[in-house]
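Both complexes shown next keep chain A, but they swap its partner, so chain B is in the first and chain C is in the second.
Here is the complex of A and B:
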């Protein structure tokens, strides 16, 4: 009697367990599906737009498919290829400017003996602390006085100010994660401080510096507000073109431009993933 | 004249003085061990000699030249680091030849020197290996070769063996000593391991709180410690404060006055356990009760209570717990310090070291 009771009891328990399992399985599936839709829905829409030649309002899918706009975009005389080159030149220059500042700054700030260390680190955060528009309108006003408005140099400087936060903070972390004994070993083998810096410190910090450069490059490639106030209309970068194209209702061109902007982001993210070592990340902001 | 001559050296970081009045003369080809507990300043002394810690006063001379104020790269003193400090972005050969490259020695000659050193440290054929692929013992040998490549005036070793596991440590220790004998380099080795210091060094300097407590041959340091601190640090970690009035303690020594208050130090291995006490025998006799015993392999270590003192004694025989015994230490194994002239080291107060 008691045996059958326990069997029944056990059966009920296993049924209940199976039900809980199934419920949590479906909940997980639903959650992931919604998440995927939220993440990939807009991207799917964008992808469709890139291969749509005509697509009118009530239709779920385009009326006419084709690669006409791709040819337009990659036409050597189109605005897109021109502004792509401008964007890349500006981004590379911003990377150079940021590295020139953040290598010495990062090395100095990684020394805990430096006075006002935290103050200097925070200084590079300040442009991010205020609303973007306020900062850029004021920069545009100052640059106007200096004749930098509408020049490549002006845009490079604006992008550098923006990128410095990433590059300085990441460089400090990169230099801090180097064992100070490595440079001591170099010093007592007869190498001076500069020789040591070039042959021991810099190669050790290189992965971090590369990661910092990638961040600056990507930030510059995507930057809109600063470019708009300082560069437009003389300097047209991809995001500016994207903006104008969308405003004119030319969704094909803007989708293709957005897709082009997406490629370096994804590619570099994979690279950064490799370079950002956990021991370096743990030194961020220290 | 001494090869390395340190005179009244005082050094530290910022306002903090860590080393006080260090005087040390090292002869050419001699190996000196700096021994002490952590925080005693032994690594700071090495760093001061290398030029990594600023000297506050005093002088350092090498082979007759003063180097007190020279930057690290102009001293020709090389260091072997506890963490090896090999450069992971260079191969074994690049690491070893770094100092030669800095000195602009021709490539062919530098390469020959690297191969010679690799054969000395028994790592032939490893020249193109990445240092990250080497084991701890191999890395430390590469670090040693790198430091020796430039033929330094003095080689300093900062706890070179403490990151290695026990077996490797013994073999690297042996190799290091053999190399030092063979090549005859002048060296200072920092260690907190008394056995390492005794085995490797020609002379040992025991440091405590930034001062040299005692400098002497390993035998001297071990058998004739001059201060309670040295006695305690060298393993004589049984300490009792003796007063003539204590009934359970009997001290028969030729030169000790009965009225003195004395600190007596002895090693657990020097103590002998007996069932009956002979209170007239020369040396120290204490009666007590066995509280604990632990098997150490060679012998048993017994914990003995006598009044409020806890003592350790080794015996080949395992004594039953709670048995009353008499502990005897012969006069030559006793280190006696008059408390009127010596301070007791801090470890006496806790008396918990085993």
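Here is the complex of A and C:
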């Protein structure tokens, strides 16, 4: 008697558990669907604007579709191609500057015995830990005295400082993870310190340094505020062009520019996604 | 050469760059906010800031607080689903989905929202097509709500990445034990997971605040004139008047907003450790 009761009771419990499980499945699916709509909606709107020739209120979709503005954008004399080249030159220069100063700094900071190590690590964090708008207006004012305002060099320097935190911190992580025995073996076999660094240490740290370069490149490509104060109006990068076009109400040009900026971002994200796991991120800086 | 000297030489160029191009301008802004042109001390710039921009300061604080609260709720929700959901397929989709805006530049996000949230944007158009509202009832969300939506949309990926990373690094045994003792998933989240990842949540939210106070493109492109965020006021003060003193005084206010949040977080975490009574 009591046995059947328990079986019945168990059957009821498992039914209830199954119901809860099914309910939470649908609740989570609904949550993910809403999130997907909220994430993809704005992107879809941007894509539609890139191929809309006219779109007036209250039409749900554009009145006229076409690629007219793409031809305008990819005309070799257009502002877009010019500022695309400027943006890429600036981003590449920022990568070079960051690597030049971060490789030695990252190598030195990877040795845990270094005095004031934490202090230096924090120093490189500061540009990301302070709201940088106020700093940029003062850099612009200082650069004005130094003759750097409105020059490529000025913009490259501003972007480099902004990217320095990524390049230094990732370099430190890259140099920390290499095998110290290999460089010791190289030294024992009679290689000099510089030869060892270039031929033994650097190749092992290369994946990390490439990741750091990608971060600096993207940060520079997407940087708006610093360029707005230091570069404009002489230096026009893609984000500045996007802003100007959008404020003039020229949504087609600004959407196409935005799409051009999106391509490297999404592409690099797919690459980095392979290396970057949230679990790994929690180990960064240790 | 001693090892520490050579280390300093190696770090030198990078450290010098931060000193010359970040700390020096930061110091410059501090001096400029409190002095007149002849370097004599004054508080006149702050008086002017509160006369002209007290509304905008309130507006900025409200935007920052609402964005941070929304970010906390949403990213904890996503991270908890990722950690506790019994459906591996849904977790895989969600893990891919939430990272989407991570590398989308703020200026692109601002341009997307400028079209998406407008009166004739895709959001309103979809609602009209679904019959939820008529074209005449549509309202543009550009303004304070649009600014909050854009910041949350973009910053959600970053804060969720940090928080779900902290949750993934937790010891699974405790969760397993709580589950075996019959605790519901909500109870596990509140009583087991959240207390342990609180520091990471705090860091994610403070860093998000700093980002919100640094981004100029969103208030310029989504905001609608008055009231506006003080970041837009700073740009206006510099570009239209060349008035660096008041702009820097406004900058001090923006530091204070970030510092206020950081202080709140530090005090809270000290309280949890029992250091403060």
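Assume the second predicted complex is superposed on the first by the 253 of 286 C-alpha atoms of A that agree within 3 Å, B and C clash if a C-alpha of one lies under 4 Å from a C-alpha of the other, contacts with A are read in each partner's own complex, and residues count from 1 in each chain.
FYI, a residue touches a chain if its C-beta (ideal position, glycine included) is under 8 Å from a C-beta of that chain, and two chains touch if they have at least 3 such contacts.
Model, not experiment: these values are computed from the prediction.
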- request: Would you mind checking whether chain B and chain C clash or fit side by side on chain A after the superposition?
  value: fit
Field: Which superposed partner A:184 touches (first chain B, second chain C, both, neither)
entry: first
Message: Contact-wise, after the overlay, does A:246 reach chain B, chain C, both or neither (first, second, both, neither)?
response: second
- line: Geometry row: CA centre of chain A as apex, chain B and chain C as ends, angle in degrees (steps of 10) is 100
- prompt: Looking at the overlay, what does A:32 touch: chain B (first), chain C (second), both, or neither?
  reply: second
Message: With both complexes superposed on chain A, which partner does A:80 reach: first (chain B), second (chain C), both or neither?
response: neither
- line: The answer to whether chain B or chain C touches more of chain A is C
Message: According to the stated criteria, A:155 is in contact with first (chain B), second (chain C), both, or neither; which is it?
response: neither
Minimum C-alpha separation between chain B and chain C after superposing on chain A, in Å: 12
- request: Using the touch rule from the top, collect the residues of chain B that touch chain A in their complex.
  value: 50-52, 71-79, 81, 83, 85-89, 98-99, 102-103, 143, 146-147, 150
Message: Under the stated contact criterion, what part of chain A meets chain B in this complex?
response: 179, 181-182, 184-192, 195, 199-200, 203-204
Task: Flag every residue of chain A that touches chain C in the complex, lowest number first.
output: 21, 24-25, 28-29, 31-32, 35-36, 38-39, 41-46, 48-49, 55-61, 100-102, 104-105, 107-109, 111, 114-115, 120, 123-124, 126-142, 157-158, 160-161, 164, 168, 218, 221-222, 224-225, 228-229, 239, 242-243, 246-247, 251, 254-255, 258, 261-262, 265-266, 268-269, 273, 277-282
- request: Enumerate the contact residues on chain C facing chain A in the complex.
  value: 4, 6-11, 13-15, 17-18, 21-26, 28-29, 32, 77-78, 81, 85-87, 90, 93-94, 97-116, 119-123, 125-126, 128-129, 135, 153, 161-162, 164-166, 168-169, 185, 200, 207, 210, 213-217, 220-221, 231, 234-235, 238, 244, 247-248, 250-252, 254-255, 258
